[in-house]
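Please find the structures below.
Okay, so chain A shows up in both of these, paired with chain B first and chain C after.
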Partner chain A sequence: MTIAPKAPRKLSMKDRYSALTRDLDWEPSYVSPDELFPQTKFEGIIIHDWSKWEDPFRLTVDAYTKYQAEKDKRLYAVLDGFAQSQGHLSLTDASYLNAMKLFIQGIAPNEYNAHRNFAMLARHLNGGGPRFAALCQCLDEIRHAQTEIHTLANYNKYYGGFHSFLHQHERVWYLSVPKSFFEDALSAGPFEWLISIGFSFEYLLTNLLFVPFMSGASFNGDLPTMTFGFSAQSDESRHMTLGLEAIKFLLEQDERNVPIVQYWLDKWFWRGYRLLALVAQMLDYMLPRKVMSWKEAFELYFEEQMMNGLFQDLAYYGIRPPLHVDKAIQEKEYVSHQAYWILYQFGHAAAFTTSVPTDEHMKWLEEQYPNTFPTYKTLWEKEKKNIENGGRHFIRGLPQLCQVCQIPMGFTEADDPFVQAQRESIFEGERYNFCSDGCQYIFDHEPVKYRQAWLPVHQIYQGNCGGPTLPDVLEWYNLKPGDGGEYLGSMDHQNWLKWHGEADSAEGIDEGDAAYAGKGH
Partner chain B sequence: MTTIPAAERPVGVDIQENEQNRAVIEAIEADNPEATVRHMPGMVRVQSPGKLVINRESVEERIGREWETHEFQLAIISYFGHIKEWDDDQILIAWDH
Partner chain C sequence: MTLHDTISAPAIHALGDYNHPSRSAKEIYGDDMLLMVWWKGNPWFVAAACCRVPEAMPWETFWAEVFVPYHEEDPDFDASKGWEQFDWFLAVNRTEAPVEVAAGKSLADLGLTHKAVLGFKNK
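== the complex of A and B ==
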């Protein structure tokens, strides 16, 4: 490659950023700042000087568009190549796609939600620096929604579970977990949003969400997902920076902000951590070829980087690690086993499939979790006997959901795998149930907000979900044959065997054989 | 929580493992003698106690063309620490306190 002659550079990065971002801001003259920015007072956060906000990326709009275009170009080249070469046939197994079904149903619609709220921040924050950073993130988030949907759309031609992700995001029980998490943040003020999504989710926990999904994709032959994931994640490092700047900025502006931020941190750590139970089970149970266990990922990305790194830094401002973090550390030994067991038992009402771990898989789990997996292994051995006798286990009743995280209350006490954890609070004569101390703590601080939760099970009983019987509800979910249930013998599984048994013939891999009947919905 | 001084707490970056980024990773290794490298599927994690620098000139020497620090946005997947400086010549990740 020839080296182009160096163009004369008129301004340094610092000066360009200052000229193109800060200098384009102005003081309002014919309305007061409070009229122009009506959203930044009511949460009790005190800001003295918005110009103190730092953006280490020093991003300007020309640099932003240049690099984002390059990222998209690289991604779309990969997507085309993969689709043209029937790349889906080189996945490790069709069951790998269960992780991606969960991703498109649970995460992609929330990327869109994130874009909506950052658009709001790009309008409503007082400072020019944070407004521009929010604008870039708003554009990033809609790019993520689009690239995720575009990437996974290719699998929709051949596999079940992808066809109605948005419809299902709005309705299906397990998807109310990510949906309610984001709507909780969307319905908060701009500063709480910055701490909930900007900081807690993007800085504290994002690595636990994205990196395992993308390394999992890389390890299981899913080139497009790996590429979109790393492409999205490269924006994510900017988002992490925004989140970290946000928390430091709030803490530096006024010490009266410290207790408000500390509560948000306590709340949003636990909200985010509970959401990640879905990722924990994905890592330990859904990937045919394993990357690392949830326990290892948690130790690496949370305990080492956050507890031993970040929170040491924040201690300077009087911030302590979030409440209930000790519970999360205890749970790393078993949360994935319990979360997958819940999904397995309600698999007939899900848009992904589940199956008993193979012997080899169980051996791996035993190596990763020598202290806890033996207990769960006895469950699976018992379930294998059920299946031999023709009775795969599905729960026909409906579970009690936690009022805050909305996960079925199947988690146990940390010191006893046979005692279900259950907490309750009474508010204005009504009893509310929680899966954990962390969820109860949040409810007790904001009962008026959380009593309004749209709990899928309650809604079914109230007659708002298509009808009183299971088939009524599944139809209302738009679940089609082949979307959920047991993986072995499912349409995805049968097609997979057929396509691989006939590898030297092109027959059987056309779209007419698509694994589900719900195409076109 | 036991206090660990900022100079000892590791900071690091996760970088996509591809041909373009090889020069970047080599430059980081050369400029941060205490750095350790861990390979994971599709990515490389480089971490170093206290701080980690990426120098434009070191990358350019290895990549054989001009390289602006903004280009690092195409390589980075994630990081831990605080981005203290990102200018035309250098990116510096370190803890503050």
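== the complex of A and C ==
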């Protein structure tokens, strides 16, 4: 009688996961833990037991790569189909792509930055569990950078503003806002990174960033971006879970961590919220077919989900909602109007176009913001008259910038929509300007860090941006004709009309033709 | 003019020495300074202007060569009414300290220093 060999015992999912991740970890024997992990003490965070980290997801590398490869296959099939069928012609309007220009210039390079820092965490955190979680997110982030760039590359063949997104990310004034945000986090310690990006950005604010962009794509015929959004969605869910686990882990390890984490929350909520001013204006002004207003998005994704949900849970650990959140709630009524008004006035130095809202668009804005939009409508009415008289509101100089968020100081006092907030602090004999109490609070706690800010306006005046004149600076930005300025009459607009058989109506349009701009679109 | 600090140096948590200079210190600009010029209550200009100007620039030169070309972009601005049409002040947080602008005075004479906010509003 022969006896069949016993089949090898199959490990349970949980055991297999442990065997391939945490069980590969070891205790160092010929170096001390402090020598091996030199970055996890200086921030003041105290960790007693790294094994208490609850792995937020149980993926092994082989399962991870299999899932991601399947998602990539689906995405690249859509990209091919869209390109071959001239899918860009089925967008709602060429002006929709302004939102995507902002996305590729501002967000895609920061996906790569996120990849870099999670790679650092995958090396430098003491625990095997958090190191593996950081490794997975590090891989996600570089995949996102690559897929976003590939998704939007197709538009570069036909539209302005896409050709030099990385070059411009490093140089252009409005892109210093997302760039400095991420570089602030990159230059912090590993635990602050976990709270700044892992928790505040990926959990607290991520729905306000990704849902508007991806829903905007869906509503405006951008199938590739929508597919990218679906492809990234399961990753984002994991990132949210990791962010939540990170904050709970730090808070549970030692109560002396609570005030440190609270300060980081105060700081990174406000830094992230200020960055989202770009998303607010995108939702309310850049999408030809609207998804929802910024105010609605803020109420749903922040006030309802975070203020009424998350922060009630975190109160158990002694964490309160971030400082200055009351100001953010007030600003939901007007921040998008102010942010777009900034971009509109400096649109001649941008790699996207802007335009006066049409009458129909203004009606929608009035419906969404009955208490505040009438105030801003008076500005647009004045601008329409200005255009009729041959003008177009492009500022003839450079603006005051906030030392912390780096946005032109166009945000107003809560009690007066016509008075921009002015704040200043003096440190070691030098004055610094801020747009808000939130930004001043951050500077006052870390003046040595923020006095190094590379403020684009100051750098232009120091002669570090290509030369003293506007054309010098625009050349240094690598802006090409048709990239920025007024949308109506722009290269994108003229091509759009031509491709849709409406070229006759575009006859006589020159780039930046202000008279035409007054006719609406 | 020496400015008095409004904040003290907080503790720094870093791996090594961390004390880097400002990227926009007055010394970088030589005899010039950056001056913020803010039309309070007029949202046509979305933010205050940031200008690089010599500290010794006479007020009337500043008005004619810097102020007017910038603000003429507002169709409601009438340069011919002169600087007397505005109240001028130094903006510090939410406070306003009056500034008596006059021909013959330099910007430094008016008490304007690097990155100060020169505010003005319609009378």
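A few comments on the model shown:
Methods note: the second predicted complex is superposed on the first by the 491 of 521 C-alpha atoms of A that agree within 3 Å, B and C clash if a C-alpha of one lies under 4 Å from a C-alpha of the other, contacts with A are read in each partner's own complex, and residues count from 1 in each chain.
In this section, a contact is a pair of C-beta atoms (placed from the backbone, for glycine too) under 8 Å apart; a residue touches a chain by one contact, two chains touch by 3 or more.
All figures in this text were calculated on a predicted structure; none of them were measured in a lab.
By the document's definition of touching, neither partner reaches A:Ser176: not chain B, not chain C. By the touch criterion defined above, A:Thr354 lies against neither chain B nor chain C after alignment on the C-alpha atoms of chain A.
Of the two partner chains placed by superposition, only chain C is touched by A:Gly391; chain B is not. Look at A:Ser12: by the touch rule set out above, it reaches chain B but stays clear of chain C.
In the superposed pair of complexes, A:Asn495 makes contact with neither chain B nor chain C. When the two structures are aligned on the shared chain, A:Phe427 is found in touch with chain C, with no touch to chain B. Across the complex, chain A is touched by residues 2-7, 9-10, 12-15, 18-26, 28-29, 34, 36, 38, 40-52, 69-70, 72-73, 75-76, 91-94, 113-117, 119 of chain C.
On the side of chain A, the complex with chain B involves touching residues 1, 3-4, 6, 9, 12-14, 56-58, 63, 66-67, 70-71, 206-207, 210-211, 214-219, 226, 230, 233-234, 236-238, 240-241, 244, 248, 291-292, 304-313, 315-316, 320-321. Every residue of chain A that touches chain C in the complex is listed here, in rising order: 38-39, 42-44, 189, 338, 341-342, 345, 379, 382, 385-386, 389, 391, 393-401, 408-410, 412-413, 417-420, 422-433, 444-449, 451-455, 457-459, 461-462.
By the touch criterion given at the top, residues 1, 3-4, 6, 9-11, 14, 16, 40-43, 64-66, 69-71, 73-88, 95-97 of chain B touch chain A in their complex.
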